[in-house]
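Take a look at the structure set out below.
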Amino acid sequence: MADLKLTDVAKTYGGTVDVLKNINLDIETGELIVFVGPSGCGKSTLLRMIAGLEKITGGTLEIDGQVVNDVPPSERGIAMVFQSYALYPHMTVRENMEFALKLAKKSRKEIDEAVNRAASKLQLEPYLDRLPKALSGGQRQRVAIGRSIVRNPKVYLFDEPLSNLDAALRVATRIEIAQLKEQMPESTMIYVTHDQVEAMTLATRIVVLANKGIAQVGTPLELYETPENEFVAQFIGSPAMNLLRGRIVETGARTGVTVGDGGGTIWSVVPSRPEDKDREVNVGIRPEDMLPTDDENFAFEGTVEITEALGEVTQLYFAPLKLDEDTDTVIAKLPGVQRDMRGKTVRMTAAPEKVHLFAEGRSLLYR
Amino acid sequence: EQITVAGPWIGADEEHVQAVLSVFAEQSGHDVRYTGSDSFEQQIVIDAEAGSAPNVAVFPQPGLAAVMAQRGFLTPLADGTEDWVKENYAAGQSWVDLGTYAGPDGNPALYGFFYKVDLKSLVWYIPENFEDAGYEVPETLEDLKALSAQIVEDGETPWCIGLGSGGATGWPATDWVEDMMLRTQAPEVYDQWVSNEIPFTDPAVVGAIEAFGEFALNDDWVAGGAGAVATTDFRESPKGLFSAPPQCYMHKQASFIPSFFPEGSVVGEDVDFFYFPASGEGGLGQPVLGAGTLWAITNDSPAAHELITFLQSPEAHEIWMARKGFLTPHKGVNLDAFGDPTLRKMNDILLSATTFRFDASDLMPGAVGAGSFWTGMVDYVGGKDVGTVTGEIQQSWDAVK
Amino acid sequence: MHPALQGLLTIVIGVGGCVGYFYFSNIFLDKVLYPARGPNAGRNINRANLIRPWLFLAPAVLALGLYLAYPVVETLRLSLTNRVPGGGYEWAGAENYVQMWNDPKFMEALLNNMLWLFVVPALSTAFGLLAAQLTDRIKWGALAKSIIFMPMAISFVGAAVIWKLVYDYRAEGQEQIGVLNAIVVSLGGEPTAWLTVPFWNNFFLMAVLIWIQTGFAMVILSAALRGIPEETVEAAIVDGANPFQIFFKIKVPQIMGTIVVVWTTITIVVLKIFDIVFAMTNGQWETQVLANYMYDKLFRANDWGVGSASAMVIMLLVTPILVWNVYNARKEMR
Amino acid sequence: MDNIAGRKSGLSWAVNISVVLLVLLWIFPTVGLFVSSFRTADQISATGWWKALFPTEQVVQLRTDDPDARVAEGDGFVLTGNLFGEEGGTLSAFGVSSRDVGAFAPGETADMGDGESMTVEADGSYTWRGNDEQISGRGQRIFVTTTTPPEFTTANYERVLFSGDRTDSMAKAFFNTLTVTIPATIIPILVAAFAAYALAWMDFPGRALLIAAIVALLVVPLQLALIPLLKFHNDIGIGKGYIGTWLAHTGFGLPLAIYLLRNYMVGLPRDIIENAKVDGATDFQIFTRIVLPLSFPALASFAIFQFLWTWNDLLVALVFLIDSSGDTTVMTRQIVELLGTRGGNWEILATAAFVSISVPLLVFFAMQRYLVRGLLAGSVK
Amino acid sequence: MADLKLTDVAKTYGGTVDVLKNINLDIETGELIVFVGPSGCGKSTLLRMIAGLEKITGGTLEIDGQVVNDVPPSERGIAMVFQSYALYPHMTVRENMEFALKLAKKSRKEIDEAVNRAASKLQLEPYLDRLPKALSGGQRQRVAIGRSIVRNPKVYLFDEPLSNLDAALRVATRIEIAQLKEQMPESTMIYVTHDQVEAMTLATRIVVLANKGIAQVGTPLELYETPENEFVAQFIGSPAMNLLRGRIVETGARTGVTVGDGGGTIWSVVPSRPEDKDREVNVGIRPEDMLPTDDENFAFEGTVEITEALGEVTQLYFAPLKLDEDTDTVIAKLPGVQRDMRGKTVRMTAAPEKVHLFAEGRSLLYR
C-alpha cells in the first residue's frame, strides 16, 4: 500500500557526528527490504528515522508521495517491531494488541475484530489473556508482530526482530515472517538484521549500508553473485570471499589473470577492456567456490594449516594464518569430509564464472 | 575524688553554678564536674535506671525527685540536715516537707536540699511606657484587670503571654493557674489540689483556670490574640514589651526571665516588675508562688555529702547572690551580697508574703505536672472546653496512682 | 592530650580492634586450626569453610541480637509488667494496654499515625515520581535532583527549625517573617498560627517529612524509570500515545514494584517518626504520634508499662510490612 | 526522546518550568535558614528573610544624651545632640511617646506637655527643651523611623562557634563528634560487609532464616533499646563512653548495612568469585581482594548514610556517651543546648541549625554520586 | 598431563532434582573434550563438578588416578575460563594474570616469567597495564585464557568461552584456541559450547549430553556420520537430519527400505538381519545429503513450499510445513543456486552411504 522514497536523507548527531548521509532509496509497495551492514553503520538509525523516532537532519522522506519529515510516528501509518519485542509487560497479550486501537478511539467491535483476526493469523488465541512474561521468546515475538498487524499499517519496520531467539526458533520464526509477508502482499516491510541467512532468505532487495552510505542495493542473489565492490563481496557470504592479488594478462569477454608470483593464468567471465592489460586487480573467490586442482593454472597454492571438518563440508585454512579482526587468511570450503589435508600443500582454482575481479575496491563488472 | 553534678542549668546559670562549685572544689580538694542539660529530666531518669547516675543531681521539680526516691535512686541526706534546714531556712519546715519523700521501703526521709529559689508572682513592665500612657502600677487584682481594660480601651494590648517551650510547651500557663489558685482559694485548697485530694475537675481548680482564661483567652488582652498564646515561645514573648510601638504593656513571668530580655536592657531602668497583685477582697492576703531547685544524692559518696554540707554555708549562697538571679531562704546570708538591687526587691516580695506556696505542677507526679497539665493548658488555650481539659488531666492523674 | 589526638587514638583502637578480629581469627582458622597443608589439606580446607561463615557473621549476629532483638523482648516484658515501688516488677497482664487504650492521647496518636501513614508515603512517592519523571527529561536534571535530594542530609531537628521558620506566625498587622503567612497576608488573608490549627496542623508537620523523603523516592524511582526499556516507550509513541498516556499507562505500571518498595520504606520511616513532632509541637494541638507518645510515657511520665505497650503497638503496626519484607527477601533468594 | 519527529517544544518548556518550581519549593526553606543566619535579631524580627536584600523601614528606640549635659536657656534648659551619635543616619519620622511612635516629621517640634518640647531633624540632631524637672534623670526615649540598608553579618557564626566560654567546648565537641562518627561509620561497615558476604556468597545452614531476621530487624524503633542497653553496658563495665556509643551505632546501623551490602554483593558476577576460588583464594582473600573493592559504591553509600545518621544523632549520644564528667559532648548536643538557652533568638537558632547541617551537607554533596548508586543497588531489584 | 575419570557421577539438587546421573567418562591426557547438548541438560553443571565448584552428589571423579571429590577447586590443578570472562574488573590485565600466582606465594621472578610467557603467547603485551574495561571482547577473552595459562594447570575447563563474541571474532578466537591446544599437547581441555561449528572443529571427542546422561561420545565425524541414536543424529548438523518413516523390505549387508506410502525402495549401507524384515524404522537423511531424482526409487516426494537461496546453497522446505519447536518439516539443501523450485513437486533420494536407519530411536548400526 505504500511507496517510500528517501532523498538525500542524512543524520547528524549533535550537529557534528555524521552517521548517515546521502541516502537515496526507493521502496515500492509490497517489497521486503533488508538493511544489513557492519555494527554501528546506522541501520537502526535509518529505520528509526523512517519510523519518526529520530528526527531527520537532512533530505526528505516521502511516504506515498507525501513528505513526512515532520509527521509524528503515530501518523505515518507505520508499525515497528523491536528486537526486544517491547511488549508492555503489565498488559495481557490482548491488551497489548488493543492498546494502539484504544488510543485511536476505535469502537469495541472494530478492536475485537482486528485483534481476533491478528491472533488467529499468528495462532495466538490460546495466549490472549496471558501476560508477556508467561510466554516463550518466540510467542512474544509473535505478539509483537501481532500488535503491529492490528493497526493495519502501510509500512512494517523490523529491527533485528529475531536476534533474541535461539537458533532453532530463529529458523522457524524466520519462515513464519516469510509466510506472513506472502499473506500480505500489499504491505511494505523494512527489516534490519545482522544475520546473513535472514537477509538472504527474506529480502526482495537487500540494502548494504557501509561508510555512512549505501554500498549496494540489490536482490540477495545479485549481491552474492555480482557484488559491486570488495566490501559487499566480503560482507555477503561466510566465510568471507578470499581476495588474492593478481594482474590482468588477457583481456576480452573473458579475462585472464595471473595470481601471486607463480601460478598460471586463471580465467574469469568478467569482461575486460584492452587498456586493462597489466592492471593490478584483486581476484575474489568465495571459499565454497575453491576447487583443488593439479593444473598449472591454479589461483592459489598454499599449505593447509588447519582443517575444520564440519561433516557436511570441510574448511581449509591456509598459511600464513592472520587472525586479526580483518582476516586475510585464505579459506577454502570443500564439500563433504576431507581427511588428511592438514599440512599438505595444495593448489586451488575456481570456475571462471565464480571468479570476481576488483580494481581499486570496485568490481570490474560495474563501471 | 571526682564528684559529678548534673543539673538543668545551662548558659549563664551554668557559669554561676560553676563558680559556686569551684569554691567547693577548692575548699575540699575534690574534682567537681558539673554538666547541664536542657533535657535534664529525661537524662537523669535514663542514667539512674541504667545505673550510671552522677553523684549529685539538681532537680528542678520535687515531683521527679519523689519518683526517683521511691525507686531507690536517691540516698537520704545525712542525719541532721533536716534540723539544719528547719533552723536556718525561713519557713524551714515547709522546705523540709518539700524535700521529704517516701523511699523504696515506704519510709519517708529527707532526700532533697533546696538551694536557689525562684519567685513566680511577678509582672514585668516598662516604666516609660506606663509613663507615656499615664498608667499606674496596680495594687490589686481588680485594679490589674481594670488597667488591662483601660489599655484595651486606649487601643492597645495589655498582655504578652507565651506558652511555647519546645518539649515543655504549656508550663508558663501552669504558673498562671497556680497564681490564680492562690488568689481565688485558700492555701489549704491549694494544698489539696497539689495532693489531688480535690480533683482537677473541682470547681475551685476550674475557677482558677478560668481566671487565667480571662486573660489568655481574651483576644483583646493578649498580643497576637488568643491564638498566638500557645505558639509564642515564652522566651520570645517578653520582647513584645520592648518593641516600638509596644505590642503589650505587661508580662507575667518568674524572676529568671531577664535573661531573655533584649541585650542591654537594664532591670530597674529599662524594665521593671511588680508583684502580681492579690485580690483586694476575700482576705487571702498576699500569696506568693515560688519554685526552687533541690539537690539530691543520686550516687552515694562521701564527697557528695560534703557538697551538701557546703551548700549549707552562707558562702555558698552569697557567691551566687553576688551574681544574678538567685534568691534564697537561708536566713544567715548577708543580704548585702546581692549583686543586683532588683533581687533585693524580690526578696522583699518574698518576705512580705503572707502565704508562700511552691509551684504546684512541680509537686505533682511527672505525668501530670510535666505532662497532662502542660498539654491540657495548651489545649485549653487552643479553645478546648475547660471541663474536658480538667477531666483529661484528672484521668491521667488517676492513671499514675 | 589534644582532643584531636585523643580522638585519633581512640579511633585507631576501635577500628583496629575490629579489623584485627577478622584478620586474626581467619589466620587462626587457616594456619592453626585447619592448616591447608599436609596430607589432609583438602579436608582441612573444607572444614575451615564450614566454620568460616560463622566467623564472618559472629560480630554482626551478636550486635543484632543484643542491640535489636533483645530490646524487643525486653520491651514486651516491660509492657506486661508494672513497677513496684522500691524496685522490682510485678506481672500486670494487659493492664498497661487497657490503660493506654483508654487514654484519649493514645487514641489521638493512633489516629494521627494512621493519617501520617496514608498521607506521607503517598505524597512523597507521588512527588518523587513527578520529580523523577520531570528531571530525567531536562539538561540540568542532575542539579535539580541534587537540590531535591538535599533535605536527606538534614537532620530531623534541623529540618524542624527550618520549617518552624516557614510556619512562623506573627499577630495580624505585624510584619510576617514566616514565608507561609507572608504569602497568605500578601494575598489578603489573615495570618494563621499554622501549627495550632487542629487536624490541619498534622499536614503541616507531614509537609516536613514529605520534603525530606521526596528526594529519596525520586532517586529510586528515577532509576526505575530509566530502567524501563526505551523500546516500550517508543512502541507506545508509534502506537500514538501522548506523553501523559505514556507516563500513566506505560511507565507507571512498569515500575509499580519499585513504587511499592519506596512506599513501604517511607512507611517504616513514618512509623518511627519522632523528632519532627517532638521538635515542632511535641504532640500538642492534637498532633501526637505514637513514637512521641512513647517517649512521653517513657521519659516524662516515667510510666514504663504504658510506654513499652505503645512501643509494642508500633511494632505491631510495622508487622505487616515486616512480614511482607521477609516474604520478598525469601522470594528473591530463590 | 527529544528526537521524536513532530514533537512540539511547548511540552519541554512546561517541563522546565515545573522543575524550576519544584526546585524552588524544595530549596526555599533552607535558603531562608541560610539567609537568616546572616542577619541580626532585629532584622529577622522586623522583616521576612526574603526582604533581606532590600532596605527596610524600622522603628527604633533611641535615647538622648544624659540630661547632665543640658544647658540653661531662658528659664528652662535645653539639651542638644544627635540621636545617631557618631554613626550618623537619617530618619523619616519620630515620636516621643510609645503611643504614637511616628507622630512627627523631621524638623517638627513635639509638644510634650507642660512646655516641654522636642525637635528632631532628619539627620538625628535634636533639641530638647524643658524645665529643670523635665530634663533630668535618664535621657529621653525617642522613637525614630529609619530606613536601614540591607546588612549581613557573620556575628552569629562568631557567636555560635567561637563566643566566649563555648570556644573550647565547640572545638572539643567537634573532635568528639568525629571520634564518635568515624568508628561508628567504619565498624558497622566492616562488620556488615563480612556478614553480607557470608550471607551472599557462603553456603551454610540457616542462611535464609538469618536474612529474614535481618530484614525483620530493619523496622525496630530504636527508642526501645536505650535503657536495656545502657544497663547492659554498665553491667559489662564499659559504662558510658565511646566504645558503648560505637557499639550502639553499630547495632542500630547494622540491619540496613547488611541489607544494602548483601543486595549489592549478590549482584556481583558469580563467575568472578568462582574464578577466584579456582585461582586458590580463600573466602577471606576473595572478600578482601575481590568483593570489597568491587562493592565500593555500596560501601560508600552506606558510609554516607551512617555518617549522616551518626552526625545528626542526638539520642544515642545522650544515652550512651554523654556522662556527667563533662568530658564528652557532641556537636548536636552543643547546638541543642544552645537552642535551650537561646530558644527565642531566631538568629542563633538559624545559625546553630545551619552549622549542624553544614558538615552533612558538605559530605552529601561531595559523595552523593555514590550515595545514589549504592542506594539503587540496595533497593531496586 | 592429566587423565580424568568419571565413574557413575551424579548430581542432585536439593536432594530431589536429578540433573545428571550415571556419567561415566574417561578423558586422556591431551584430549580436547567438548560437551554439547540442549540447554539445561547439565553441561555447565558437569564442568563445574569437575572444577569443584559444585559438590558431586554421587560417583567419583578421579584426576590422575586420585579421587578428588572432596578436594577444593584450587587444589585440583584445574583452570577455568568463563563465558563472561570473569576478569577482576578492578585489576589490570597483569594483576589479573598474577592473582593466582600471588595467592600461591610464588616468587616475583617466577610470576613475571609466567605472565610474560603467557602474554607473548597470546599477544597481550600491549595491554598488560590496562583495566579489563578498556579491552575489546576478544582481548578480554584472551586475558581470561592467559590467566588460566599462567597457572600451568593440568586441566583447562572452558564454559562457552566464545558465546559473548560476535561472529567474526568467534571464528578467529576459535582458531586461536585450536592453535593454543596444539602448542600444549600435554594439557587436557574440556570445553562446553552451544555452537556446533565450535564443537565439530575443536573437539578430539564430543560428549553429547541429553536426558540426564550421555547420549554418545565420539569424534566429531563419528557423531556426524554414525550417530548412535536419533537424538544425536538430529542434534548434530544444521538443519537437523530429516527422519522419514519407513519399512525394511530387504535385509543383508545393505538394507532396502520403502519410505512412506508410495515410492520405491531406497538403499542404505547399514546392514540388517533377516529378522529385521518388515520392521518399522526411521530413515534419516541429512538435508545436505538429499539429492533430487527422477527415479522410481525415491526416498521422499513433496512440494517445495519455501526456498531459501543462500547463494552457496539453496534450502528447500517441503510441505506440510510444521514450524513448532520440534520441527518435522523435511528440508533439503542443494548446492549452488536453484531457481524456480518454489511450488514444484520433486522427488528426493540419497546415496546409500548417507542413509541412516533408526529403530526405536537407536541406530541399527549400534546393536
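Letters A, B, C, D and E mark the chains as written, and numbering starts fresh at 1 in each.
Basically, contacts are C-beta pairs under 8 Å (C-beta built on N, C-alpha and C of every residue); 3 or more make two chains touch, one makes a residue touch a chain.
Since we're looking at a predicted model, the values are computed, not measured.
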item	value
Chain C to chain E, fewest steps along touching chains	1
Separation of chain E from chain D in steps, with touching chains one step apart	1
Both-way neighbours, i.e. chains that touch chain D and touch chain A	C, E
Relative to chain E, chain with the most remote C-alpha centre	B
Chain whose averaged C-alpha position falls nearest the assembly-wide average	C
Identity of the chain that, by mean CA position, is farthest from chain A	B
Contact pairs, highest-scoring chain pair	C-D
Centre-of-Cα separation between chain D and chain C, whole angstrom	20
Separation of mean Cα positions, chain C and chain A [Å, integer]	56
Computed distance of Cα centres, chain C from chain B, in Å	39
Distance from the mean Cα position of chain E to that of chain A, given in whole angstrom	28
Residue list for chain D, restricted to those that touch at least two other chains	4, 45, 227, 336, 339
Multi-partner residues of chain E (each touching 2 or more other chains)	72, 75
Interface hub residues of chain B, defined as touching at least two other chains	46, 166
Full enumeration of touching chain pairs	A-C, A-D, A-E, B-C, B-D, C-D, C-E, D-E
Interfacial residue positions of chain A with respect to chain C in the complex	51-53, 72-75, 78-80, 82-91, 99-100, 103-104, 147, 151
Sites on chain C touched by chain E in the complex	41-43, 45-46, 49
Chain D partner contacts - residues on chain C that touch it in the complex	3-4, 6-7, 10-11, 14-15, 18-19, 22, 26, 30, 36, 45, 48-50, 52-54, 56-57, 59-61, 63-64, 66-72, 74-75, 127, 130-131, 134-135, 137-138, 141, 144, 146-158, 161-163, 165-166, 175-179, 182, 211, 214-216, 219-220, 223-224, 227, 233, 237, 243, 257-258, 261-262, 265, 268, 271-272, 274, 291, 294-295, 298, 308, 311, 314-315, 318, 321-322, 325-326, 329-330, 332-333
Chain A-facing residues of chain D, complex	3-7
Chain C residues touching chain B - in the complex, by the definition given at the top	83, 85-87, 99, 102-105, 169-172, 174, 192-193, 195-196, 198, 278-279, 281-286, 296, 299-303, 306
